[in-house]
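Quick heads-up: structures coming right below.
Each of the next two complexes has subunit A plus one other chain: subunit B in the first, subunit C in the second.
Moving on to the complex of A and B:
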């Protein structure tokens, strides 16, 4: 099979591709923020005594995590107008991605909070720490530390799954690439370009988020199996 | 068969296939796509099945429509099996170029730009592109589209024609497949949509309560099967097949069965 690659057509359209990449990042960040807010709300509601409140959270999490994202987007964009709720495709995309991530983030947060042993809280109380300090140092800090890697990889997942929102006509990198490939008939060149851009974005965010984690939690801590921890207890 | 025996057989088969590899690739260099189809007795044809009346999923869940029926006829006349590669409109040409299929037969309208990427055979049918929407939408001339949201499917003839006649200020909303475009006008997310006249009729018939009507006739065009550049023998075979099926009235009968319209006189490339 003969196919002559013509990448100059990609360079000619770099402006459109850059705009698309920026839109993808903006959409992902907005969806992440929305999802995180939803997850915190859900984590708070989970602490309620009321069975109904906890049941609503449970239903939300199960529905979101057990139905396809594409179907969720279709419902928001194509079905909600029937009930009088109409929004721009980009807003529908952020809402869909955000609510979807919220379902997963709720579970991640729960795992983080539950991972803190109750005996540590008891110990902190015995040491006479205030409630706020217990929450801040004994519960929140380790919980965030535990959740962070999972949350970071969820962000990369949002970044990549935002590629399907072109199905509801929202403008982002994949939709721009689809328009370019269908008008220039150079599908390989543009899909390769899209692959490279997504890869670069995902790697950049991964390294950035890993760096942030190191700055916040790892810096200055002795490594496992080194320094003080290696010393045998007397 | 014990395990050792199995491993020995597997190893032998692997060695044989390795030894056969150079000869197979040497053969494929000389063989044309037509040779390959005839040898394997399977023709792979890309077709969009979300584009009424050309390709649809029938009530029995199987692909149906003008182009699906034409694909079947082509395979039958060639004496080989049909492997229908179902794609969305944006993937009709990429799937052919990527080698996932040998032919794309999916109401591909003949345009200058497409002819740069693939080789057109002689036309097998004709279509018209229209803009349509609810009665409340006021569009009597192309200039009226200014300020309105017009839904268009990517990689279609409407993508190539509607933006050219749309005045500045028209908000074009892009979708990846025709069913999403149809949903957008039914859900009121856009003021009007553009697609083929046939597709419009089927949408209007299936959704009488939506009160949709034709607003503009954008263009009329011929469509044709396409093959990769360089597949001269395959293209020649399809043209010969098309000639015979125009003469014996088979193409006309298929077209009329699904569109309700007599097949117009088809020119050749």
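Moving on to the complex of A and C:
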């Protein structure tokens, strides 16, 4: 092995790397917010009696979940201008990531909503609550608790998969690194550094989001399941 | 002079679809073999094995696939001293990636087998390897099938990321056809439809298998 690693050039560009990391996080948060809004809309539409409305939601979910994110981004950024819809690469990236996450989030919300016993909805109806209030108080609140862990995992998946929006030239960490490696001819060092940054971000968010869940839902509860026998013999 | 998107272009896409499936197949076989090792290490009685496999899984689940591909591509070049073709580098990286996810899935399946099964096996004077092979793994296999099929869908879709490092599969072929036809409005939806035709039946099969498993265990 004759290769000499040179990480100095990576340190010299730390400013660009941190800017890229910030852009990645901002893009992921925006996409998460968009996807969550879409998913709530879909979850609400799913309760409709109309076959057509439910069919549209089902189609959206299945198309998003059974085609690659990269191709979805291509369609939004390269195909939509043919219909007169043009946007910046960054906006296309947020839209693509958001709509992609929205499909998965719709399913996550459904599992949360289905976890609410129907008798509770009947009870709320009997108390004269409106459809919207039943949705908000009886279905949504307990659903959030059930959905939170899956949503937190999805956020980290968005963070990681956002690296492929560099393929439509949207500015974030991976595209910054692509530029840096092509001007310095140090691809391995820069991709290594970028991978380390993503790893640090993913672990930090994992830790932070798990901590938040504990603060919001678990703190002060009696600990169940303590002393349960391990499934594996010692 | 640009061409229209018609049969020759469609055949080019279908030819590239073969490479998408080939990469999926190689990654699934390589990842399956690696995943079995990772899963068994994860349930090993030795702490060092469990920690090593856990780190491996966390590392691959907490970094972007695209950067794993870049690192494999340039890292192998650094290690071997020669620039590799895209295909072996990509096949290698996808196998490592699949091993992490399948390993984690299969660990879950093995741990879902009740401790009593292990105890019963031990009571019959079987040693650990035989309990695992004769009693635990056959039952875990049944539980593992639905999520494994589900992961196959992820794998088919994620092979599209290989196009970014220059491997010509379906997504890259779509880009090439857009370059000659200037018809992204037609080409990319067709590419998406081809992925859908592969992935949707697999997704349906996965959820059907899962429902059947739920019914039986109730």
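What we mean here is this: the second predicted complex is superposed on the first by the 201 of 234 C-alpha atoms of A that agree within 3 Å, B and C clash if a C-alpha of one lies under 4 Å from a C-alpha of the other, contacts with A are read in each partner's own complex, and residues count from 1 in each chain.
Criterion: a residue touches a chain if its C-beta (ideal position, glycine included) is under 8 Å from a C-beta of that chain, and two chains touch if they have at least 3 such contacts.
On a predicted model such as this, the values are computed, not experimentally measured, just so you know.
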Message: Under the superposition described at the top, does placing subunit B and subunit C together on subunit A give a clash or a fit?
response: clash
Field: Greater residue coverage of subunit A in the superposed arrangement, subunit B or subunit C
entry: C
Task: Please indicate which partner A:169 is in contact with in the superposed arrangement: first for subunit B, second for subunit C, both, or neither.
output: first
Message: One more residue to check, A:63. First (subunit B), second (subunit C), both or neither?
response: second
Field: Partner chain in contact with A:3 - subunit B first, subunit C second, else both or neither
entry: both
- request: Examine A:71 and indicate which partner it touches, taking first as subunit B and second as subunit C; both and neither are also allowed.
  value: second
Query: What is the contact status of A:89 with respect to subunit B (first) and subunit C (second): first, second, both, or neither?
result: first
Message: Contact-wise, after the overlay, does A:79 reach subunit B, subunit C, both or neither (first, second, both, neither)?
response: both
Message: By the touch definition at the top of the document, which applies to A:182: first (subunit B), second (subunit C), both, or neither?
response: first
- request: Could you list which residues of subunit A make contact with subunit B in one structure and with subunit C in the other?
  value: 1-3, 74, 78-79, 81-82, 166-167, 187-188, 191
- prompt: What part of subunit A is in contact with subunit C in the complex they form?
  reply: 1-3, 62-63, 65-72, 74-75, 78-79, 81-83, 156, 160-164, 166-167, 174, 187-188, 191-192, 194-195, 198-199, 202-203, 206, 229-234
- request: Name, in rising order, each residue of subunit A that touches subunit B in their complex.
  value: 1-3, 74, 77-79, 81-82, 86, 89, 166-169, 175, 178-179, 181-188, 191
Message: Please output the residues of subunit C touching subunit A within their complex, sorted ascending.
response: 43, 45, 58-59, 62-68, 70-71, 74-75, 77-79, 81, 111-115, 118-119, 122, 153, 157-158, 160-161, 163-164, 171, 174-175, 178, 184-185, 188-189, 191-192, 195-196, 199-200, 203
Field: Complex contacts: residues of subunit B adjacent to subunit A
entry: 90, 93-94, 97-99, 113-114, 116-118, 151, 154-155, 159-160, 173-177, 180, 183-184, 186-189, 228-230
